[in-house]
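Quick heads-up: structures coming right below.
Two complexes follow with chain A in common, the first pairing it with chain B and the second with chain C.
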Partner chain A sequence: MNMVRLDKQKFSNFILELSAEYTVFAPGKVGGKTEFVPIRSEDEIDFKTLVTDMSPKGIFFPSSEVLYEYDKQGIRVPEKEIGKPIAVWGMRGCDSRSLLMLNKVFGSAIQMPEDEKFQDPYWKEKYDSSLIFGSACNTPLSTCFCNWFGGGPHSREGMDVFVVDAGDSFLMEPVTGKGSNFLRELTCFADSTEKDEAVAKKLASDAESSMAAPMEVTDLGERLNDLFEEAVWEEISAKCINCGACTFSCPTCHCYDIQDEGKGSRGKRIRVWDSCMFPIFTMEASGHNPRALSSQRVRQRVMHKYSYFPEKYGEFLCTGCGRCVTACPVNLDIREVLKTINAYNKQGITNG
Partner chain B sequence: MGNYCIPQQMKVERIGTEDPTRTLRTYDLSFVNDSDREAFKYLPGQFCELSIPGKGESPFGIASSPTEEGFLRFTVNRTGSVTNEIHYLRNGDTIGMRGPLGNWYPVDDLKGMNVLIVGGGFAFTTLRSLLIYLMDAREDYRDITVIYGARNPDLFIYKDEIALWKQRDDIRMHLTIDKPVDGWNEKTGFVPTVVEEVAPDPENTMAIVCGPPVMIKYTLPVLTKLGFSDERIYTSLERRMKCGIGKCGRCNIGSKYICIDGPVFSMAELKNIPETV
Partner chain C sequence: MNTTNELRKNIKSLIAEKKVDLFLGWEKGSLPLAATPLFVTAEDQADKAIFDVTCGNNLSIYFTKDKKQFEGRKVGIAVKGCDARSVVLNILEKQIKRENVVIVGLPCNGVLDRKKVLAKTDGREVLELIDNGDTVIVKGNGFDLQLNREEVLSSSCLACIYPDAQEYDFFIGEARGEVPNEGRLKEIEEFQTLSSLERWEQTRAEYEKCIRCYACRNVCPSCYCNVCFVDQNDPRWIGGTSEYTDTLIFHVIRNLHVAGRCVECGACQRACPMDINLLMLNRKVAMEVKDRFGDIAGLDINGKPAMSDFKEDEKQKFIMG
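Showing the complex of A and B:
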């Protein structure tokens, strides 16, 4: 199936048709911040924001999620709150790629592919049935660096339908069979013209050329392993206040805690996002803490994303969305960290 | 599909007290549901998450051996909110349990070998599992040497069994405490020193080490110095854990998760992992 064209006047029809089958999430405003929220009509969608403050990971991996409820009678997994599967409108390429990475952790049981017990039912229930409408970035931000890690402003990875905003219309291109099946059943589309396709191509090349040249990351993992014991980590982490804003805004950070909330014999076991930036994350009951120092924790986050995850799962755990760059209250820019690592040699001299 | 978050229900069958301050207690649990019991297959070195509604979960090494039927044994040091709550349990109470989790000691590779077991403090749990497992097929293994250290005589766990093991002529038991006390007739000194003194010839010998981080840290180099190759030294590591299946992230060291890639690692593996001990 080729690219189709949706005139923006018909967009509200499209949202209605989509809502009939799916619970639709799209970028919206919540208390002055932007994040993905459930929407029912076009008016609720924020079309302007390129990178939302919070990543869309929370749609499938909520910041707080009930695993089960308990009382004297026993344990019950709560009924699915949303009857319909989830569709997401307006997901940028960095974010749709992040879902593929998270799916390696939660969904595909890569450690033991045959063993279902290593799959996460809460994630799979939401993600496996979802329909992702991606959104091409025509004007990447100065904080965007998706092109460092194999992404790009018009990347299609992780999307079911790739969408380009072409001014008075949305041009949609199915990426997966699921995406193409959905588009086929809709009536509000027109076939795209050669002109549409030329417009999409031009927007892609303009967006790509507007981005700064990527840093070379091929041997980043090896460099990091070599520099594990070096003093450079103290230098890098000196201004970090371990607030965790980077991990909470990150679309790929997936560490979580499991907590009980309740009174007496009745309550809920919930999982909540956690952060390797917090000393208590690894604090053991004995008082022993293997990552007691801030420099060890900053190193852990960087190593996990650019060395450990690639070793285990074959790709960097970073999509270059730039949220951590924007969210950091002390302007600790991950791109600068990686450049420092790239330029560092063991004599402690920073090259170039 | 299955849901790894849901604990199985276990019943407390027997509670033992390991030390005079009653900080260390041993719990024998049985399965409430037959189907859970039948599905539960484990080997020495694996662990479970014990679960108390309203308090949470904590990981504990399985102290019983799969060759001992009818119960699962855990020794619990009262030190935080979950362990505190476990200490309030009485016979007949129920407790949640998830597992078995993690990998196990290389029991198949131990066949036909001499085995050196080195343990410290209340980390002797999975080593007890291993020792019982080996004793229950004694003819499959050659010499078995146990070096077990504790800060003081009170802090050895399984004292009754230790007394029995000491009487046997097919286990060489060496007990040691940190500092001399009156009435102590065994060895005195830290575990690494005793290992250097009494460890068997590394020829055809596998060493299995489990204890507090500081003991592991100083024992591994001694074994290397004695001539044990990296493939013949195994240790069990511990970190704070939650999910137990390699997702929640907190037991991550290097590209490994202790909960699924470990807790048992060979020295050869450890060499490629940073900040292990």
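Showing the complex of A and C:
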């Protein structure tokens, strides 16, 4: 199936039809901030924000999620509030790509020996049935660095349908069979013309060329392993205050904690987001903390994203969305960190 | 006089004369609206230092980070009026010794709240900032916006009475003196006129936004417990979710724990990635502390923090009713 065109006048119809089958999430304003929220109509969508303040990972991996409730009768998984599968409108390439990475962890979407394979039912239930409408970035931000890690402003990875905002219309291109099936069922589209396709191409090349040149990352993992014991981590982490603004706004950070909340003979087991920036993250029952220092925790976050994850899953755990860059209260810019790593040699001299 | 140049000269001579081993200042950050902390240990690094409307971080947090990382070192620090109060509080609470700190006061006209700027640009990215005093100009792709300073200053600055460091070794530029700021409590006064249900709704709506990243706590120079109560799990004092029932507990306890210790620098509010109005409760508590104990946190280096002191004649409404 080729690209189709949806005139913006027909967009509200499209949302209506989508809502009939799916619970639709889209970028929206909550207070002064933007995040992915459930929407019912076009008016609730924020089309202006390119990168939402909070990543969409919370749709599939909520900040707190009850795994089960228990009492004397046994344990029960809470009934789903919403019966419909999830559709997401307006997901940028960096974010849709992050879902593929998370799916490697939670969905075992990677070649693994059978006995190591684990599929998280809470994730799978939401993610496997979802329909992702991606959104091309025509004007990448100065904080965007998706091109460092093989992404791009018009990347289609992780999307079911790729959408380009072409002014008075949305051009939609199915990426997966699921996307194509959905588009086929709707009547509000027109076939795209050659002109439409030329417009999409032009927008893509303009967007790509507007981005700063990427840093070389090929040997990043090796360099990091090599520098594990070096003093450079103290230099890098000096200003870090070890809050979780980076990890919680990150679309790929996925560490969690399991907590029990009980009272008398009943209670619930909850999964909550956790952050390697927090001292309690690695606090052992003995009272020993293997990552007691800020520098050790910063190193862990960088190593996980750019060394351990690539070793295990074959790609960096970073899509270059830039959220951590803008969210950091002390402007500790991950791009600067990686540049420092790249320029550092073992004699302790930082080049450039 | 150019404050930044004077500051650089000052840092250089402090380092050259070995009066400090390390100087805490700010340098230009990677984003136009935020400076970033700078740790100067050699003279040539001093030329990176800046002081302008983007220097919002209260650098005295680093005195207590990773406990005693500066032990045995003499540390210089650039301060705004509020930051100086944090340094004083750290001294009064015996986290650092006065003789090991060199305080450099700077003339402060307030710092930006970047969330306020971004609200004005309607989601468009700011690529450049020009500070013209009464106005600031922000530029981005295809726009050029002139904003009144008051519109984009941190709300802590709009309510500030003491913009100058009261305790310092050097002061660069001209002090502004006390600012009357009669309207500083307007927000609290308005809040107090609401019914308890309305107050609850408003408070709940604020703390519902919290994602528990603890950026507010970690940028706060008064929050330096060895182990914060939220980081204890034996016993566990607070549930782990980001539901308001848990987040509210965190914020209220933090709020009470910094009673008489909060210098109202606004770092928490500026750091919050979720745009929570954290200052209001802090200011309310500071107001109560002043009313009951006559104390303003960190203002007087010869004083004692309100909660560490007891006077026979102080109001004891809480106990005596």
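To be clear about the criterion, the second predicted complex is superposed on the first by the 343 of 352 C-alpha atoms of A that agree within 3 Å, B and C clash if a C-alpha of one lies under 4 Å from a C-alpha of the other, contacts with A are read in each partner's own complex, and residues count from 1 in each chain.
Here, a contact is a pair of C-beta atoms (placed from the backbone, for glycine too) under 8 Å apart; a residue touches a chain by one contact, two chains touch by 3 or more.
These numbers come from a predicted model, not from an experiment.
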Simultaneous placement of chain C and chain B on chain A, clash or fit: fit
Chain B versus chain C as contact partner of A:A245, first or second or both or neither: second
Contacts of A:F106 with chain B and chain C, given as first, second, both or neither: first
Touched partner set for A:S265, first chain B, second chain C, both or neither: first
Chain B versus chain C as contact partner of A:S294, first or second or both or neither: second
Three-chain overlay, vertex chain A: chain B-chain C angle, C-alpha, nearest 10 degrees: 90
Partner chain(s) touched by A:L171 [first = chain B, second = chain C, both, neither]: neither
First, second, both or neither for A:S286, with chain B first and chain C second: first
Partner chain(s) touched by A:C318 [first = chain B, second = chain C, both, neither]: neither
First, second, both or neither for A:C146, with chain B first and chain C second: neither
Partner chain(s) touched by A:D257 [first = chain B, second = chain C, both, neither]: both
Least Cα gap, in Å, left between chain B and chain C after the two complexes are fitted on chain A: 5
Common interface positions of chain A, toward chain B and toward chain C: 257, 259, 283
Chain B-touching residues of chain A, taken from the complex the two chains share: 67-68, 70, 74-75, 77, 105-106, 111, 116-121, 124, 225, 228-229, 254-260, 262-265, 267, 269, 271, 274, 276, 281-286, 288, 290-291, 296, 300, 303-304, 307-309, 311-312
Touching residues (chain side chain B, partner chain A) in the complex: 1-7, 9, 53-58, 79-80, 83, 213, 238-240, 242-243, 245-250, 252-255, 260, 274-275
Residue ranges of chain C in contact with chain A within the complex: 29-31, 34-37, 39, 57, 61-62, 65-66, 115, 119, 122-125, 127, 141, 209, 211-215, 217-219, 227, 231-233, 239-243, 267, 270-271, 273-275
Complex contact set, residues of chain A against chain C: 30-34, 46, 48-50, 53-54, 63-64, 139, 141-143, 238-239, 241-245, 247-249, 257, 259, 261, 270, 272-273, 275, 278-280, 283, 293-294, 325-327, 329-333, 335-336
